Amino acid sequence: MTEPGERAPATADEVMTVVAARELRGRRTCLVGIGLPGIAASLARQVHEPSLVLIYESGAIRARPTRAPLSIGDGELAETALDVVGVPEVFSYWLQSGRIDVGFLGAAQICRYGNINTTVIGPYRQPVVRLPGAGGAPEIAASSREVIVIARHTSRAFVNRLDFVTSIGHHEGGDSRKALGLPGDGPTAVITDLGVLRPEPDSRELVLTAIHPGVAVATVRERTGWPLRIAASLTETEPPTALELDTLRRLSAGRATGSAG
Amino acid sequence: MTEPGERAPATADEVMTVVAARELRGRRTCLVGIGLPGIAASLARQVHEPSLVLIYESGAIRARPTRAPLSIGDGELAETALDVVGVPEVFSYWLQSGRIDVGFLGAAQICRYGNINTTVIGPYRQPVVRLPGAGGAPEIAASSREVIVIARHTSRAFVNRLDFVTSIGHHEGGDSRKALGLPGDGPTAVITDLGVLRPEPDSRELVLTAIHPGVAVATVRERTGWPLRIAASLTETEPPTALELDTLRRLSAGRATGSAG
Amino acid sequence: MAELVPLADAVADLVRDGDRVALEGFTHLIPFAAGHEILRQGRRGLTLVRMTPDLLYDQMIGLGAAERLVFSWGGNPGVGSLHRLRDAVEHGWPELLDLEEHSHAGMAARYSAGASGLPFGVLRGYVGSDLAAHTRNVSTVTCPFTGEQLTAVRAFALDVAVVHAQQVDRDGNIGIWGISGVQKEAVLCARRSIVTVEERVDQLDARTRVVLPSWVMDAVSVVPQGAHPSYATGYSERDNAFYARWDAISREREPFVEWMRRHVLETADFSEHLRLVAAETAAAVGSR
Amino acid sequence: MAELVPLADAVADLVRDGDRVALEGFTHLIPFAAGHEILRQGRRGLTLVRMTPDLLYDQMIGLGAAERLVFSWGGNPGVGSLHRLRDAVEHGWPELLDLEEHSHAGMAARYSAGASGLPFGVLRGYVGSDLAAHTRNVSTVTCPFTGEQLTAVRAFALDVAVVHAQQVDRDGNIGIWGISGVQKEAVLCARRSIVTVEERVDQLDARTRVVLPSWVMDAVSVVPQGAHPSYATGYSERDNAFYARWDAISREREPFVEWMRRHVLETADFSEHLRLVAAETAAAVGSR
């Protein structure tokens, strides 16, 4: 083991990934969405919750990746999985049936109620930026018992109003999600490179509940497109441990050998 | 090879099986129902149509049994199959989708329009004889491109009116099957131990089109519960060839070693 | 999360009087050992669900454990009738059995819909058959795109699913190969589930085609030959001779009850049952 | 019945201008060779269907072969945007691309329903999403048992399905293992189908999990590395470096067209394409 002193300090992205991984502690099954969730889920399984079952839209059930997969259809996932089922089955027998504890999603845009846009910036028919689209996210967001979101905290991402609701969070707040007939609790945590947002119990509006070491509350507010409220119990994130950081860097290095970021 | 003279003459059941097997010539895919179809389908593949794809409700796709399976869930079927799929898949992706050329069924009771009863003799709630029930037959009868039925010709089986319609044939005759919205042609041949019945083109009523060697037309009429009409072109069945009979007996012997009839 | 437990404990914990229970197996992998244990523990008032009830349900019905049967084909494959099932339906002995009867396609759609968390399944089925008029849980639904009318069946929601399988690995995951029927769907439809297996292994066999992950089951019990007289591909052959013998054993009421008492109810467990049956089979072969 | 034919013949016979075609593959087994051959033969006006359009559809859209895209996620996994797809949608270059956009669950249900011969599929999906309001072929259906409202999606009915797979056996049956996506459903939804494979073998590998029987396909072509830069488990690794390089190749219109002309349109076949790309990869590594 290297001494902490010899280690480069954690980047903001690394803190985000480490904190997101911690959020999976005590969970049994996680459907790992495309993008940032991939490496955090791998880290959680290696450091916190070896029995955590990682499931991917590509059909890999209980994948045990030893490097961060580049995509949700990576060969590594199939090769280390307990089972690989067809894509229709993963959505019907595994997700829709309510067998997923945590849906773990990224977001291009997210609003104060945790609704997510991954479809388009600007009007749908005259897009300013066309994003990749929904993928599995709408049903992951709807059918998982709870949802954890990971996203870089920029004012372009954390907006007052989404250009397009791809995947439902707490809808218009309060009981409005439940009124749509959706199971599950919706987003319970949004992990960013600045801190952690969680829904206030009644309004379901996202408020800042934890802030990462060295980040100013003012910075978080600046980069949030709605008047962000701060939880009375605001805490500071525990910095990444040596084990977390070493494991994350080992996972990332494995990914780099795949040579595409 | 034994000389024909040394061979025991074909029994009525053997003639029925041989003639039913011939009916599968030129067909590509056959869904093999429970009971009498099993051995005839195996015979057809061995003697007439080596590329005939036999599919079973149990999920065995392109099974190549070398002995007559005792049941449609016989281990022999799975072990010789190209693929074994789940039961939901065999009914949805393979039968319902219209991929079966011939549905091959047995019958406890059959009427003049080729409708089949395998459910009950007597009233449904006060049965005289409770039969095994529908199994896969209703949808095999409905969704296959055509249906071939094999049944022993008795007056209890060939009845004027079914006690219960388990599986649809030509319904009430004429265009009435088509009017139900069913695909496929319904029963195109009913093979018995006395002869072969086929639907008349317009009325879709079953008429006697071939008679087995040594069987009197009067016998067939006696054992048929409706006033059976005889096709103008009535032919006599070609007797089983040495190859057909030897192969059938070899298949049956394999089955006997399973020691249950 | 599946725990490895003795079968008697699994049944005691997970199967209750009046439960809606499926002991599934399409000719292959029928959970006889678990069914016998349910009888030994005297469960009553069960709704028995299965596509192809055969000897095991004949035994359970004949001893009066069931009040309803939901099924699509009930016979002794290649042999003939199920005499106990027929006696219950035709003469109400030992008690009247309520039948809810479907086609295989309908049952399969009910299982798939249940496993998928949907309230109903859609199929082209039952058309022109008298079945729909005599059964429950079959209806119609109209395609919102084409206007076509299709058949709808209610999804299964079971209290307990019980299946047999070949293997459990050290993490409690189940592996099945050969004819897999609706083993997976039955477990995924049920609030509680028990799986009996031939063997515990370090890693599931490479032939495995259907996997039941540990966390979808409640209990796994290792019961070698636990499907007898049905079979487990790779472990045992179907005991066709026993299926044929069952015709005589089950034909009359009193001899049936006596046979069940001696071979099932008064045995300590399934291995004692197997020893008794094997001894009789050997004697029968010897006396031929 | 599938015939073993050269890929160029298969495409000439089976893919027509204006067809509704799915070239499927979920990261794994994407039929690049077949897609290139469709471009070489100049097919136009295609409706391209796929859950995860990536580089192949970017290429086809960028050359103007498609007039509509039916999809659920369009990006370069782990890299970023599909620049040609974006240019077509954002600026109508080379022509305006009509989008019909779904979720993965909806696309999967459309494929399954099509493979099952049903006119629609049922799911719990699209609820609370703006997707349903902006797309076609999504509706609702009411459960006849519970009264619950669910989402209905129209079944796919494709003109042609094209997939890549690992093996074909001597009878023309296809074997797939690893991530199987909707390869089977796509073929079963289509009136015509083409499968490219890595290798012809006497018997399918024991790892095979998904089988496409010979008689459901029209043409099978042996094209080693036919999924490059995607991969075929057991035969090749995903060329992640090429996926990363694609970002630069595709960013601007003229260089993209020039690249496609040199590397695809003016090559004789896929093996020539592979040689060109491999040589450039080697040069790039050498110059690092």
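Residue numbering begins at 1 within each chain, and the chains themselves are lettered A, B, C and D in the order written.
The rule we apply is simple: contacts are C-beta pairs under 8 Å (C-beta built on N, C-alpha and C of every residue); 3 or more make two chains touch, one makes a residue touch a chain.
What you are looking at is a predicted structure, and each value in this text was computed from that prediction instead of being measured.
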Chain pair, A-D or B-D, that carries the greater number of C-beta contacts: A-D
Separation of chain A from chain B, taking each centre as the mean of its C-alpha atoms, in whole Å: 58
For chain B paired with chain D, centre-to-centre distance based on mean C-alpha positions, whole Å: 42
Centre-to-centre distance between chain D and chain A (centres being mean Cα positions), rounded to whole Å: 28
Set of chain B residues in contact with two or more other chains: 92, 96, 143
Overlap residues in chain C, where contacts from two or more other chains coincide: 112, 117-118, 123-124, 148, 184-185, 209
Touch-based graph of the chains, sorted into line, ring, star, complete or other: other
Touching pairs among all chains present in the structure: A-C, A-D, B-C, B-D, C-D
List of chain C residues in touch with chain B within their complex: 26-28, 51-52, 71-75, 77-79, 81-82, 85-86, 89-90, 101-105, 108-109, 111-112, 123-131, 134, 148-149, 178-182, 184-185, 209-210, 231, 233, 237-238, 240-241, 243-244
Interface residues, chain A side, partner chain D - complex: 34, 57-60, 70-75, 77-79, 84, 86-88, 91-92, 95-96, 115, 119, 124, 127-130, 132-139, 142-143, 164-168, 171, 177, 180-182, 258-261
Touching residues (chain side chain C, partner chain D) in the complex: 117-120, 122-124, 137, 139-146, 148, 150, 152, 154, 206-207, 209
Footprint of chain C on chain A - complex, ascending: 28-29, 53, 61-62, 82-83, 92-93, 96-99, 143
Touching residues (chain side chain C, partner chain A) in the complex: 1, 112, 115-118, 173, 184-185, 188, 211, 213, 215-216
